[in-house]
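Heads up, the next two complexes both have chain A, just with different partners, chain B and then chain C.
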Partner chain A sequence: MSHLLAVRGLVVQAPARGLKIIDGIDLSLDRGETLGLVGESGCGKSMTCYAIAGALPRGIARTGGSITLQDDADGGTGSPAKPSVAMIFQDPTSSLNPVHTIGHYLESALYRHQGLRGNDARLEAMRLLERVGIDRAKSRLRAYPHQFSGGMNQRVMIAHALAAKPRLLIADEPTTALDVTTQAQILYLLEELRAETGMALLIVSHDLGVIARLADRAAVMYCGKIVETAPIGALLERPAHPYARALIDCMPTIDPDDLEPPTPIAGSVPLLDNLPAGCHFHPRCDRGGRDCVSAYPAPARIGPGHAASCYHPVRP
Partner chain B sequence: MFGFVLARLLRSLIVLFATVTFVFIVLRLSGDPAQQMLSDIATPEALAAFRTQWGLDRSIAEQYLLYLANAFQGNFGTSFADGREVFTVIGERVPKTLSVTVPAFLLTMLIGIPAGILAAVRRETAADKAVMAGAVVGYSIPNFLLGVALIYLFAVWLRVLPSSGSSTWQHAILPVATLVLAGAATISRFTRSTLIDVLGQPYIAAARADGIPEREIILRHALPNAAIPLVTMLGFGAGGMLGGAVFVETVFAWPGLGSGFVRAVNSGDLNVVQAMILTFTAFMVSINLTVDILYAALNPKIRLGNHDAS
Partner chain C sequence: MNPPLLQARGLQKTFRLRSGPLARSVDHVAVDAIDLDLAPRERIGIVGESGSGKSTLGRLLLGLTPPSAGEVRFDGVAHADRRPGDWKAFRRQTSLVQQNPLSALNPQMTIGQQVAEAVWVHRLADRHGARDQAAAMLEKVGLSAELMDRFPHQMSGGQRQRVVIARALVLSPRLVVFDEAVSALDVSVQAQVVAILRSLWQQLDLAYVFITHDLRIVRHLVDRIAVLYLGRVVETGDIRSVYARPRHPYTRALLSSVPSLDPRVRNVAPPVQGDLDPGKAARGCAFRSRCPLAIERCASETPRLRRIDQGHVACHRAEDVRPLPMATAEVA
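Let's look at the complex of A and B:
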């Protein structure tokens, strides 16, 4: 059986400036699976999402590779319909149109994706709002986004995503703009909905804690490339790429016995128009050898479902 | 919403009152109307008689209170020049001014807004550059110069349109064109930049990610947001039309409020000047009031405030 989502050799560029924002990445996602995409700001996580959702901003285009979405779970007779993809965003309040009511937002999505209108659409919108944990749904349909908190607006965005009955939900930094308690509620809601609907979830975050909580597998991105993919447990316990290990070392802990401050990664992310030759991470890496500057390392198998693009992977 | 409109109406009345007071005092401090009205060779007796006739020999405070008392009874005085009621004088000029400014304003919107939308949507293409080049030209040439240039081109050289007067509808074409060129230039530039700003907002990216067709994104998602600042700008535009009428009516000898105002100021006809400024202010105040109401109607943040609606 094929994957729900298969990304092969994806290249995304800003052609006007010749920059490669994403440089040949491979990703796959099965039905009902949660994949975490982690990395620093500017590594191409969000662009990967936009490319998969088919909504790259103007001036940026996919120039290579393929993105295949296929849902043949029930036999795949003939040509199966393209499974629907929905997306939620980092800053929920500014991702909602300020002049449209919550009701208008949800009902127009329900019309577009399910053909519901009038009373049917309103009832379904109310049901969705209640499902994502917004009470007094009937009166809330008349509200505008500026009257809601960030957490409530993210719930509205999730309800809107559900209106598309997605087989794949892309969540681009869904909790970054929210405070910690709200963050936990939204993550819990996403996990619950994934289990309930059987959709797959692609969750992007720079926060490994968020990824650790939800994801079955994770991919670590650096400078437009995926440097390591692994089941989440293996990644957290036995990171093989020095960058992945460094990211994990950056995570603060709340263990009172662990008095070590988090270790920052030396240096800063290189600019896309001035990437180091060979492995892009080598100037910031403490394991570098001569081979690191010669050519970009191919992914090497570390364990089951675990691969890293490094000539000198960390071995346990 | 009702309280909002009431508060704005009260504020408008205060503005009108303040304008009357300010204009009254400033006009009386800036030169002698008797000397301006009569000629340089008028005898001192004639000047004194003129001042007594119009009450100009009393103190400014006295004149002001008398003016206010009469104004509240709807009497704004008579013209020094021909003794007619000032609002009779103004009343025959207002329709003339409106017959130029109203079509000019409508055409400004009809041309400026679509041109701005086109430039924003086809950003960085030939269409955008053509619209913006036209806008720069229209925006940088002053009204009076443009008026004279149009007279030269269409009346003197091509001989297809009349250059001055107001007897036929053809006479209105050049004055309207002058006002529209400048107005549409401003509005198209502003529409373009506002729409480009709105199209860069995260909710537009979210709408695109949701697969909504581009046409619908522009019409239903971007334009309602761009309309909010645009309404303010259109208010300025409408006010600018009235201001521009002062120049344009003078250039084209169009007998409206603007040219009448210039004539009244030159001849020192204080009562007419005062009443005309009051009329201009009343127009401005009603434009602002309309803008405020439209702004609230278009912007839920103003209409509803920040509290949860439920």
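Let's look at the complex of A and C:
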């Protein structure tokens, strides 16, 4: 069976400046699977999402590679329809239009995606709001986004995404702007909905804790390339790429016995117009050799489903 | 014991809210009866969800907004007794670092000018000397003097936050209030800023008030913690003992909401439902609507801070709060 989502050699560029924002990445996602995408700001995580959702900003274009979405799971109805993709974002309150009610927002999505209108749309909107954990749904349909907290607006965004009956939900830093208690609620809701609907989930975060809670597999991005991909347990316990290990080491924990403060990663993410030759991470890496400067390392197999692009991978 | 550098007694701040021109106004208590002592060089963390009143508390402590009741003393002098000239001296000894470094910096001034500005505003040096002091301070936060002539937009988020920290510390203040100073940064940059703040504290005569909702970061920066819920301190104590054994159900919920790096801990039901609910009646415990341990007494009698072990907790059922399970025991 083919993958639900297959990305092959994706290249995304800002043609006016010739910069490669995403430089030939491969990703795949199966039905009902959760893939985590992790890396620092400016590594191309969000652009990967926009490219998959077909929503790249103006002035930025896909110039190479392929993105194939295919769902043959609902067999029997003839030719498989292109599966729908929905996306939620970091800042829910600014993603919502302040002059429309929550009801208008959801009902217009239900009309667009399911052809529902009038009372049918209203009832379905109420059901969606209740499903994402907003009580008193009937009166809440008349509310405006500013009357809701950030967590409630993120729930509204999720309800809106569900209106499209997505086979793939892309969540780009969905809890970064939220309190830790709300974050736990939203992550739990996403996992419940994934299990219930069988959709696949692509979750993007700079916080490995968020990824660890939801993802089956994770891909680590650096400077527009995927440097390591692995089952989540293998990545957290046996990271092979020095960048993946550095990301783990800079995560603070709440373990009272862990007294050491998090270890910062030396330096910062290089600018796209000034990428180091060879492996882009080598100036910040403590394991670099002479070969690191010569050419970009090809992905090498580390274990089952586990590959890393590094000449000197970390050995456990 | 040292006399406190900063002391707050019965601090309260009420905002009058009106939902429309004809609506009746409602009093919203943002900060309610807070007592706080901070010794020189002490570091305290103030944690809570958005809306818990932690930023308002920070502003009250620095005298940026007047309290509705209670008082704040710095070095034994109450804010209310300060005359305009005294305020200038007070400002030199205190500083505030806020969340968004891009909006805290002036886009039309170079980094060097912005860090040096406070020095010559307070007439502590001429412009040339101020620039030298700024360069030295930037060096301390890990920014080379070559960056002095850059503008904020030419820097990364982490560099900008370090500029804001350098600017806050250039006058050698004795107290710095950090209001969500690292929350908007990437984890890798957070770790850098944490390392800088720890080393600055070791070098300088500084006390920190660290306001944040991030329980992972604050742990490495403070000695003591106060947990705020709807304007009240519900638990306070030494950071290690609170994390090892939270005594308030809300503290426990905050700590167990933090995602762990253990991939076996998955699909854990959220420890608390809902948001802060400021509409709750004044009597009783404000957390009771979300509390798994709430009993009738929680609605009838407001819990007061009382001593348990080394810390203080405002909960009738503190003795019944279970210890946090080790990560592995949480696996379903």
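The working rule: the second predicted complex is superposed on the first by the 310 of 316 C-alpha atoms of A that agree within 3 Å, B and C clash if a C-alpha of one lies under 4 Å from a C-alpha of the other, contacts with A are read in each partner's own complex, and residues count from 1 in each chain.
Here is the rule we go by: a contact is a pair of C-beta atoms (placed from the backbone, for glycine too) under 8 Å apart; a residue touches a chain by one contact, two chains touch by 3 or more.
A quick note: this is a predicted structure, and the numbers were derived from the prediction, not measured.
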{"item": "Fit or clash between chain C and chain B when superposed on chain A", "value": "fit"}
{"item": "Chain C, chain A and chain B - angle at the middle CA centre, rounded to the nearest 10 degrees", "value": "70"}
{"item": "Dominant toucher of chain A (residue count), chain B or chain C", "value": "C"}
{"item": "First (chain B), second (chain C), both or neither touched by A:Ala200", "value": "neither"}
{"item": "Touched partner set for A:Tyr188, first chain B, second chain C, both or neither", "value": "second"}
{"item": "Which superposed partner A:Val210 touches (first chain B, second chain C, both, neither)", "value": "second"}
{"item": "Which superposed partner A:Ala244 touches (first chain B, second chain C, both, neither)", "value": "neither"}
{"item": "Partner chain(s) touched by A:Leu168 [first = chain B, second = chain C, both, neither]", "value": "neither"}
{"item": "Distance of closest approach, chain C and chain B, by C-alpha atoms in Å", "value": "5"}
{"item": "Chain A positions touched by chain B in one structure and by chain C in the second", "value": "none"}
{"item": "In the complex with chain C, residue positions of chain A that touch it", "value": "40-41, 133, 149-152, 179-185, 187-188, 191, 206-210, 212-214, 232-233, 236-237, 246-248, 250-256, 261-265, 268-269"}
{"item": "Interfacial residue positions of chain B with respect to chain A in the complex", "value": "201-203, 205-212, 221, 224-225, 228, 298-301, 304, 306-310"}
{"item": "Sites on chain C touched by chain A in the complex", "value": "49-51, 156-159, 186-192, 194-195, 198, 213-217, 219-220, 240, 243-244, 253-255, 257-273, 275, 327"}
{"item": "Touching residues on chain A, where the partner in the complex is chain B", "value": "50, 53-55, 57, 86-87, 89, 91, 94-101, 109, 112, 136, 139-140, 142-144, 146-148, 157, 160, 164"}
